[in-house]
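Next come two complexes built around chain A: one with chain B, the other with chain C.
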Partner chain A sequence: MTAYVIRRLLQIIPVLIVVSMIAYGLIHIAPGNPALHIAGPDASEDVIREIESQLGLDRPVHEQYFSWVSRAVQGDLGVSLRTRVPVTQEIFQYLPNSLALGVGSLVLSVIIGVIMGITAALKQNSLVDNGIMFMAVSGISAPSFVRGVAVMWVFAITLGWFPISGGPPGGDLLSAEGLRHMMLPMVALSIGPLATLGRMGRSSMLEVLGQDYIRTAQAKGLSQRVVLYKHALRNALLPVVTVIGFQVGAMFGGTIVTETIFAWPGVGRRIVGAISARDFPVVQAAVLLLAFVFIVANLLVDIAYVFIDPRIRYD
Partner chain B sequence: MFSSLDRKTVLIAIAVIALGAFAAACAPEVEEDPEDPAEPDEEYDVDATVVMARGTGVETLDIHNTTHVEATNTWSLMGDSLVAFDEDGNLVPLLAEDWEVGPEGLEYTFFLREDVTFHSGHELTAHDVEATFERWLTEEGSPTADDLGEVESIEAVDDYTFQLVLEEPNNAIWNILAARYGSIVNASNIEAEGDSWGTPAADHIDGTGPFELVDWRPDDVMVFERHDDYTWGPPEIYDNTGPAQIARLEYRVIPEDATRVEELLAGTVHLDQMVSRGDLVRIEQSDIINYIEATPASVEFLGFHCQREPFDDVLIRRALAHAINKQEIADVAYEGVSEPATSFLRPGMPGYSAEMAEFNREYDPAKAEELLDEAGWDETEDGVRMKDGEPLEFTLSAFDDEVRLTSAELYQAQAAQVGMDMELDVMESAAMFEHLRAEEHQMFTMGVTIGRRGPDVLRWYHHPDEQPAPNRFYYEDDELVDLLNLQRTTPDEDEQMQAYVEIERILMEDAAWVPVVWRDYIRGFNEQIADPKVDHPVYDGHFKLLDMRMAN
Partner chain C sequence: MTDTSQTKKENQDVSSEHWMVDALRRMKRNRASVVGAVVVAVLVMMAIFGPYLVLHPPNETDTPRRLEGPSSDYPFGTDELGRCTFSRILAGARISFLMGFISVSFALVLGTILGILAGFYPALDNWIMRCVDVMMAFPAFLLAIAIVAALGPGMESTMAAVGISSVPLFVRMTRSEVLSYREQDFIEATRAVGARDARIMFRHILPNMLSSVVVFATLRLSIAILFAASLSFLGLGAQPPTPEWGAMVSTAREYLTRHPLMAFWPSLMIFIMVLAFNFLGDGLRDALDPRQSDS
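Entry: the complex of A and B
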């Protein structure tokens, strides 16, 4: 197991290198010049050239890339072209906000999604099942900005329970006000994964409940609780956990839209601003961060298999 | 059958709902401060916090390394320039209480107020002004250093006298000196902060303005507190010369237009600086929001690449100018909050003359068709005119924001009515500006706020020295070049005014561009703001909120 984890961790390195090359290439191919953004659209050619020279943008792209890599391996991700603040500072200042949002949403969606899925499976073809599946399909179908606006409309504008938008006052995430501000974007962000997990949980549970060993357990006279928790749930969870791994990536991608709607100051918002300004170092660092989160989430899922299903071994 | 699970399910669901309810219940209640009881009979709350919202955040406050409006707006609150323009375009004192101009128009001597202090308590002297200009002129890559023209010298003559000497006359200098990025900075503060100065990492960014920046979380909020010593607001512009009548100002970044309006309706935002036209109906239905049509010196126009087919033919340009129904653009794309433009310079700003309206090309499709016939483009059955077997087709490059996109679609429909096949190439701003700079356009649509340059913007946009940007028109005419130079250097004001009129005449006669709409911006105020008004409703001047008051 330890060897497997180390091997998987080492595999992260080539993946990140490839991701960084693709991200670097794409943002340089896209039209738009960061020097033009800094100087303003009406600046003279001389000023633009001067800024390009200052920022090293006048060098060939591959040279810029290797220069970036050589500094990145030493922990220096460069300086934001827009704000002149070190990228690590820029990203990590807002990472806690995005992590809190992402992790909170994940927990919410896993708890509610799995409960919904299991309940629907146990009440198959009933009104409850149809109601849950209707909600799940609606949740999956609605684009993230619609989900965000709907949540805002109901809980902030109509009921007035939560603030309409904004980050934690004073930047304090752990305060009661910080929690209040985070609640709606967290709920909005969790709806999509929650719906997916609900549907997956239902189909997985139904499949397991139809297996011979469940019928055998029931025939042996085991209580329904034992049948469900000890025999069915664990097996039903395996595909659900796989989906959770993918949902983590989707969720961190989804923070971009949700953070914008709710004016939540997170990494997603910084990425949007950085892309508009062609702020290469920030985009590069943020893409690497998202790739890293996605890879680690999937590694954790693979490790979780071992605990859920003892038959799985990584020797 | 699975009753135990059901109970668990219900319990967990209750727990989740309870968490939400707990968070909602944690909302702080408004507590009355026994030390500071509200005076019920007072009309205004001088201890109030006003929350303003805007769509985009400030990237940098290094005022010599940016031209972004969010940064200059913020410096307008935090700092002051030497002089300012009042609502009628007259020059008025700000940090300089008086000034003298040498006989050749080259030497500018400024006599500073002696009662000005920075937020830090540091007293303003001519040495700060000298250091500001030194940095402005020498900072590598400064996008605004060239605006001052050729500077021979800058010097603090004594503690309260500053002298600027130019190598050649520059009538646009006053616009530059009064611009928001002309704010005087504290040189010792810049030195102390080093590379952090102007960034969110700085401990303090010192200015002389009515508000001091005390907290800055990019893309989230900027917090300002009142500069209690501030008393030097120009009385020609503000009823209140200082200090500000509110204690604290929060500048929140809310990217979504609809979210900003909802915050305004909820009273959690008191002022939205740029209300989207799409939200006007919602505001008009509300009785708790007032809105004001602020009219900065801004114009939206259609521009042609005058050396590229088919717009190298003046008849085509004139025909398209007559095909454009400006009233329809103003009514539909701008929701009626803007008026059709009859010239590039707009009424109320320096350089404007009512004579300019005479050169305007009125909406006249019949005239447009006549001009196209004259140019040899024949009508066809499918509606698109042809000449020598080629259809009359071209591409309009346009920004992707909602208003300009709607405008572009209207231009397309209007051009089609006279047999022109206009394609749209819509792109986001970074791509668009690079596209224009690379001369990939045939025609384009954009807008410009004229404040920074004043009427000298005409030179900036049409002088051959300014290609490829901001002169994206490539219209060349020797008489025009002479006039553009003359307006900048002549000491005779009448001659200068006549030059502006002649410049507008030439550009409109040859239809190098088509001014379409004098654009107005909409500012929304919650009813808690007493007597809302817009600082500088006409000219693109200072935004200091000195007259803003919060009702009790």
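Entry: the complex of A and C
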């Protein structure tokens, strides 16, 4: 087990190196002079020259990359071209908000999704089952921006239960007001994974209920409750964990869109703003950071499998 | 993937009928997928003929009648500049499909070529698949956003971004198909009569896997349309005044309190489109691979 975790950790290193190359290389993908691209068509020679020297664009590409990486490792990702604030400082100001939103939505969707899926499976082909599955298919089919706008319209505008948008007042996430502001983006973001998990939970539970060992458990006179919760549920949850892993990736896109809709001060909203403003140091840093979070999240899911399913052996 | 193609080949061998006829019959039994297919067909019609059926030019403004509800002049109401929402929705179908179609075609061509090369030449395999792994190390939407960031916002860069971010999936899919064909007798035979590699790859292997590649591309189309709409919503894709559905929802957001109907129509269209594609996709998957069907 320890050997497996260490091996997986070591595997991350080459991936991170290439990911950092791509993140840095973004500035050079577009044809033409990147400084001109950043400054815009009407910029004067001086401005372009200044951007070039500030970003080190006047040096050879590999030199630029190595100096960027060596500074990045020391926690220096440059200065935002627009706000003139160090990028690291900006990102770390936004990151906790994004993580809180992402993790909160994931937890919410796992709990509700699994309950919905199991309920639907136990009442197969009933009105409840059809209702839940209809909601699940609708949830999957609505893109995150449609979900976000719909949630905002229902709960903030029509019912007025929650603030329309904005971050936690005073940056205090854990205050009552902070949670109230996070509620709607969290609900909007969790609808997609919730629907997927519900569908998955249902089909997985139905498959398990058809197995011989369930019939054996019932035949030997165990109560329905013991059969369901001790024999069926635990086995039905395994494929659900696999799907949670896939959902983490899907949630990245959702987070970027949802944060933008609700003006939630997270990394996703910052990156969208930075792209429109051609603020490359921020874009590079945010891409690098988000890819890193994604790689680590996938690693955690892989390791979690080993704990949950003793049949999996990685050595 | 290998399993899928093997089943198909078995079907081909066993039944005298073409496997597609068989698949079509299975699909017709699934009511949801038939509904999905019909709705997709209607949307394609909209994309082709929509721009000729509009009541008003999609960008024509009628300022005195801005933010109006439905009327006989404007069946879906008007937007913040008094433009006809109904006409913009109709015109938008073409833009959405075009963006999805171009980006998927790009991914299809590039991904299939790379996938065939990777499957055919073990020496290239390692290089190509490592590149694919690195691209898969990014969440797909983040990769698309990163590419738009590099190329600058706009419709062309959106299509390039969505296309490039789906290339790895096509490479993986075609590569596994090629691997399943490479060692088969008919390829051996072709090689024995002296056919060159390029001929084997593109005249013998490609036609065999074309149907699965096309089905896969159809399923990716809805995701490509969704990505493109999401990027436009974020202001990185189609730019105003283009009547693109995602961009329309984005603008309508500012008027959500006063005129929620403006956001409703484009949201509904995107929802219906993805729902129809999902139904169609589920049906296609079950029809082509009956063993994988949901319980």
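Here, the second predicted complex is superposed on the first by the 298 of 315 C-alpha atoms of A that agree within 3 Å, B and C clash if a C-alpha of one lies under 4 Å from a C-alpha of the other, contacts with A are read in each partner's own complex, and residues count from 1 in each chain.
As a working rule, a residue touches a chain if its C-beta (ideal position, glycine included) is under 8 Å from a C-beta of that chain, and two chains touch if they have at least 3 such contacts.
What you see is a predicted model, and the numbers here were worked out from it, not measured in a lab.
Superposition model on chain A: chain B and chain C are shown in a clashing arrangement. Applying the stated contact rule after C-alpha superposition, one finds that A:Leu237 touches neither chain B nor chain C.
In the superposition on chain A, A:Val287 makes contact with chain C only, not with chain B. By the document's definition of touching, of the two partners only chain B reaches A:Arg225; chain C does not.
Looking at the shared chain after the overlay, A:Ser144 reaches chain C, while chain B stays out of its contact range.
More residues of chain A are in touch with B than with the other of chain B and chain C. Legend: residue contacts after superposition of the two complexes on their common chain; A:Pro41 is shown touching chain B, with no touch to chain C. Legend: residue contacts after superposition of the two complexes on their common chain; A:Gln54 is shown touching chain B, with no touch to chain C. Once chain A of one complex is fitted onto chain A of the other, the partner contacts of A:Thr119 are limited to chain B, with no touch recorded for chain C. When the two structures are aligned on the shared chain, A:Ala100 is found in touch with neither chain B nor chain C. By the document's definition of touching, of the two partners only chain C reaches A:Ala23; chain B does not.
Shared contact residues on chain A (touching chain B in one structure, chain C in the other): 30, 37, 149, 152, 157, 260-261, 272, 276, 278. Against chain C, in their complex, chain A makes its touches with residues 15, 18-19, 22-23, 26-27, 29-30, 37, 137-138, 140-146, 149-150, 152-153, 157, 203, 206-207, 210, 249-250, 252-253, 256-257, 260-261, 271-272, 274-276, 278, 280, 283, 287, 290-291, 294-295. Chain contact summary for the complex, chain B toward chain A: residues 1-2, 4-6, 9, 12-13, 16, 20, 23-24, 26-28, 56-57, 59-60, 62, 65-68, 140-143, 146, 195, 198-201, 217-221, 252-256, 258-259, 262-263, 266, 268, 427-431, 433-437, 460, 466, 468-470. Across the complex, chain C meets chain A through its residues 133-134, 137-142, 145-153, 226-227, 229-230, 233-236, 246, 249-250, 252-253, 256-257, 260, 263, 267, 270-271, 274-275, 278, 294-295. Within the complex formed with chain B, the residues of chain A that make contact are 30-33, 36-45, 47, 50-51, 54, 82-85, 89, 94, 108, 111-112, 115, 118-119, 122, 149, 152, 156-157, 160-167, 171, 176-177, 179-180, 183, 187, 224-225, 228, 260-263, 265, 269-270, 272-273, 276-278.
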